[in-house]
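Shared chain: subunit A. Partners: subunit B in the first complex, subunit C in the second.
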Partner chain A sequence: MIRFVLRRALAAVPIGVLVTLGVFALVFAMPGDPLRELAGDKPIPAAVLAAKRAQYHLDDPFIVQYLLSMKDILTGHFGTTFAGADIADQLRLRIPVTLKLTLLANAVQWTLGLFFGIYAGFKRNGWVDRSLLLATLVLLAVPGLVAYFAAQYLFGVELKWFPVSGVLEGFPHAYLLPALVIGVLGFAGLARLLRTSIVETVNADFVKTARAKGLGEQRVLWRHILPNALLPVVTFIGLDLAGMFGGAIITESIFNLPGLGQFMFQAIKLKEGGVVVLLSTLAFISFILINLLIDLLYGVLDPRVRNV
Partner chain B sequence: MTATGEVLLKVENLSVEFDTPRGPVRAVDGVSWQVRAGEMLAILGESGSGKSVSTQALTGILEMPPGRIVSGTAEYRGADLIQMTTKERRKVVGDRITMVFQDSLSALNPVQSVGTQIAECYRVHRGMSKRDAMKKAAEMLDQVRIPAAAKRVGDYPHEFSGGMRQRVMLAMALALDPDVLIADEPTTALDVTVQAQILELIAELQAERDMGVVLITHDLGVVSDVADNVVVMYAGHVVERAATAEALENPVHPYTEGLLGSMPSAELKGRELPTIPGTPPSLHAIPSGCAFRTRCPIAVDDCAADVPPLLTIAPGREAACIRRTSLVAKEAV
Partner chain C sequence: MGVALGLALVLASCGDGKSSGSGGGSGSKSEVIAIAADPLEYINPLNENGSPGIQVAMAMFAPLVTTDPETGKLQNVMADSVTPDKTSQTWTIKLKAGNTFQNGQPLTAKDYVDSWNMTAMGSNAWKNNGFFSKVDGYDALNPPTPDGATPKPTAVKALSGLKQIDDLTFSVKLKVPFSQFGLTLQYLGLAPLPEEVRKNPDAYKRKPIGNGPFKLAADWNAGDDIKLAKWDGYKGPLVPQADEITYRFIPNADTAYNEFLAGNVDFVDVPPTKVKSFKTDAPDQWVTSISSGANYLVIPAWDARFKNPKLRHAFSMAIDRKAFADLVGLSEPAKGLVAPDMAGYRDNACKYCDFDAAKAKQLLQEAGGFSGPVNINYNTSSATGQIFAEAIGNMLRQNLGLTVKYTGKQGSEIGELADSRKLDGLRFSGWGHDYPSIEDYLTPMFKSNGDANFAGYANPALDAVLAKGDAEPDPEKAIKLYQQAEDIALEDMPLIPLYTKSNAYLHSAKIEPRVSKFVGVSALWATFK
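Let's turn to the complex of A and B:
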């Protein structure tokens, strides 16, 4: 087990180098000058500009800039943004926002997904099952962007059920609308995966054995079918949870939630390579950790993949 | 007919249909058999002959729909399993009548330890505590001759070999000391030496407990080794019923004859193995009259007229063939 975790951690190192290098290169390759963009229309004295450029190492070669950024990240000296905000402070303020949004959205998605998936799986071809198929197709066809703006307009601006944007109303009220939209857009896939998995498991021989043992339907369902049917879903949930950060960039920007996603969006706009790489590294580490947890959980649930 | 014990399970005129997109098909048609305490009854037939479907229907584990029991009774000590409510049947099936299936790897729950799966029988049917049930489970593993049973009770199905897994299945089926064991091709997925061990084990445990065993198989070798009586099925019908020794020495139905003829033996060494010509009929297109007539070497025009009835030709000896039953009847005169 410890060996398994260590091996995973070691394997993450080269991947981490590739990811950060790639992200940094992409930011570096973007056109435009970050400092001029920050200044807007105001003229900047050449001396100030030069000082700023030196402070952020903007005139150094690409690889030197990359290494300097990585050094800062690894030693915990995150420095300040181009606009002068302390990055460590920013992280302290922003991480809880993104966590709240992501966890709430996932809670919505899992609750709906598990409930409808299990229900549709056991009542195959019933009206819930059929509506679920239709709902999935519709939900998958709606682009997230459209859904976010539409929901914001309908429930925030017109009906005034939820705040339109911002976090002034606090948790959970300010987070409900974006979390609901993310959850509803995402639950259908989870539900269909679980439904299919249950349908496959119901026909397995060991379910027949369980029935031949004279067990009640409830016991067959909860003890024999579900523990097996949930296995592929665990993998899906892990990948999905890890992918939530990408979604947060769009959602937080639209609903003006001051989380990591919004931070990332601003950093990309300003070509702040250091911040982008820092946030990418954070996302990468959480991705690795979540997947490690999922693999460990999978081993607990399925004895066949233990000790691999 | 060695067994003279009490009739434990008596199936009469059982018919099962399946709804398919191309209309209903009859997988089991008017099948009757019975098994007594201490008797081993073999149901012999090839894939699709309805041998498994009939037992799955009467124990209530057949998927219904698409399956449907059209007629018939299956009496366990006089109580009809088919008329019972699901709740009543669960007290019999899994307790007094238990089953063993073919492929033990897929027939055992992969994410539960074998001990838990055996203990579940005691927990559900006897209301035992977890600890007592696990202790009994370990005892059962020992009874089916699994080495170091106490240590292996927490192992998972994939950690056992095929033969050992089938022993686990057997331990689970025999946990509650049932009256009737239905073994659905218990040795098919095993290699020959392990097959023999498992059959021997079943026979031994049967003798210890005086239970009735219904052995479903397509393997004549298996039948000749252990079964007291044999019921031969073809396309959903019983075509012959006899004591095993008689059926093997003196088959009446041409299908049984064909099966025996296609068994490898020392006399046939170096020669091509005889086969029954043709293939079993699709259940969508069973020939009129006798279902076997299209492959039968002695078929005549009359065979197409009616489904041949299962006629008694000697005590405990029945066959469904108008050519042979009339012949034997004439000889008897």
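Let's turn to the complex of A and C:
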């Protein structure tokens, strides 16, 4: 198992280089001059421009800029953003915000998804199953932007059940509304996947065998059907979780949650290659780690794919 | 649409996001002002030229002079007198005695001279460095830097044109006479820093020491609202009523608007998306004011096809400005090249701004027509860029029979192309003044190599008239000269005036923002009910 983990970690290094290089190249290729974007149409004195360019290595060739950014990231010298913010401070502030939001949102999504998925899977074609299908179609059709503003207006402005925006009221209150909306918009996919997986498993031979040898219905459900039906769901959840360091850009903006998503958005807006690469690296590392955990968890659920 | 309006708007209509609330009789007067921008990372007026930063600095720092919101006349704040010599080239500034910084140190002429020298030093890379380019000795502090090199501090540390005369008096010698220099001194980006901050500005990024009506009420860490409390040491004039002000940064303007509707903030800008609905969303709780700026179409001087002024006039007269202003919303058709709230504005300045399709066609014919399609560039990061471009395009197509195409690009890319004279066709742009003088429209927009001369226009006759105005000490006569410059620009028409926009703001019932036709809307100076 240790060899497996090491192998995965080593394989991640070249992928990481490719990913960061690719992201940096994309930012670099964006049209427009970053310092000009920062200044708007106001003219910038030549000396000021030269000083800023030198500070952010903007005059260097692409590959030098990339290497300097990577060096800063690997040595922990994050420096400041174009706007003057200390990047290490920003990460300290923003990572907890994003973690709180995504974990809470995922908790909502999984609870709803597992509950409705299992129920619908076992009671096929019942009213819960049918409503679930309808709800899935409706929810998947609602654009996030509309749902977030509508929820903010209804529950924040009109009913005043939740704060409209910001993190002043702390965890969990300030995060509840955005997490609920993300969860409700997202649970349908999980529920449908789980339902289908259960339906397939229920008809498998080993389930028939279990029934034939006279096992109780409850035991068949919880010991034989569910562990097998959960396998694809674990993958789904893993991918979901792994993406969380990307931050929820639109949600964070609308609910004014100062997380990584807003940071990423600002950085892309200003073409701050260094910050974008730093955030991508964070997202990449979390992606690799969580995927590794999922693979190990797979082995626990299904001995056939054990990697030891 | 790449509207420039940086500082100017802040000065002119500081209402961008100040509000006040509380009231309730006996309690202290406090207000929460929403700013729809990313949170500030430092407060230092000398290194700040963005609207949110200047807005917050305005509460904590006081300028030398300011525009009286009642009369529009210049009024002394920290200055006791600002006196030009006969040629308007050397200006003597005398400070009022008895003013101090918020750390108790007396405010002296040395504080101004040293703070300004720091800003003028190119290697410090402070954003208001450019202001001092008019001052004698600027070039010595800003030598050309080779590409890719970091500017080094120069051996010369001080502007030769800046001289301290005594504790409260200093003088500024400019490179050339400039009659409007007194007006420029109201820019808040010239506020002084006390000695301890000057020694180590980075250490004071988040604990500024000002000389204005408010000081920090609590520690201000990254991610916090900015909480300010009244500072008794500020002697006025124009002392705001509020005792406490909180600036809350809400980058999403629609979210800020919802926070207002929920009653959590006292003052907010109406975002473009709510222009149609704000009057019903918050009846009796809105104010509007004309925003000091001009919005126009830029005609590239580097494209020979646009060279004939008659063709430019034809384009101008083919545009139905009333319809276009309605499309923009909260706007009025432009009637000249300067903002309507400026002294010296004439509402009949432009002879070619009335919509007249027949006349336009005739002018186009006299000019020999136009070859090829007209390209209209628009900013893709603006929600309305494409809509506005197509509206103008349709008018040119229908009224002049031209073919039109559209190119969407990032604003910064359009700017870069225009700077290198490679942009094909028309673009939208705008300008707002840094100090309230029509000179601050005409010089940047039309002087050869002016800061906002986006058309690349040059006319020696116009430059000469501007120079005359700059050297004219009598304000009335100076305005007459500047108006001549505007007339020349309208004849040559490097820019086609389009519209002037109003800004709208919402305020809670407990405050009444100050509305002035000279300086716009301000919640910092709101009246508490």
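Here is the rule we use: the second predicted complex is superposed on the first by the 297 of 308 C-alpha atoms of A that agree within 3 Å, B and C clash if a C-alpha of one lies under 4 Å from a C-alpha of the other, contacts with A are read in each partner's own complex, and residues count from 1 in each chain.
Throughout what follows, contacts are C-beta pairs under 8 Å (C-beta built on N, C-alpha and C of every residue); 3 or more make two chains touch, one makes a residue touch a chain.
For clarity, every value in this text was computed on a predicted model and none was experimentally measured.
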Contacts of A:Pro227 with subunit B and subunit C, given as first, second, both or neither: first
Contacts of A:Ser280 with subunit B and subunit C, given as first, second, both or neither: neither
Contacts of A:Pro303 with subunit B and subunit C, given as first, second, both or neither: first
Chain touching more of subunit A, residue-wise (subunit B, subunit C): C
Which superposed partner A:Thr251 touches (first subunit B, second subunit C, both, neither): neither
Contacts of A:Asp59 with subunit B and subunit C, given as first, second, both or neither: second
Which superposed partner A:Lys208 touches (first subunit B, second subunit C, both, neither): first
Subunit A-touching residues of subunit B, taken from the complex the two chains share: 56, 59-61, 63, 89-95, 98-99, 101, 103, 106-113, 120-121, 124-125, 156, 158, 169, 172
Touching residues (chain side subunit C, partner subunit A) in the complex: 2-4, 6-7, 38-39, 41-42, 49-50, 122-127, 129-130, 133, 142-145, 147-151, 205, 222-223, 248, 250-252, 254-255, 258-259, 261-262, 264, 409-413, 415-416, 429-431, 451-452, 454
Subunit A to subunit C touching residues, read off their complex: 30-34, 36-37, 39-48, 50-55, 59-60, 80-81, 83-86, 89-90, 93, 149, 152-153, 156-157, 160, 163-166, 253-256, 258, 262, 266
Sites on subunit A touched by subunit B in the complex: 203-206, 208-216, 219, 223-224, 227-228, 231, 301-304
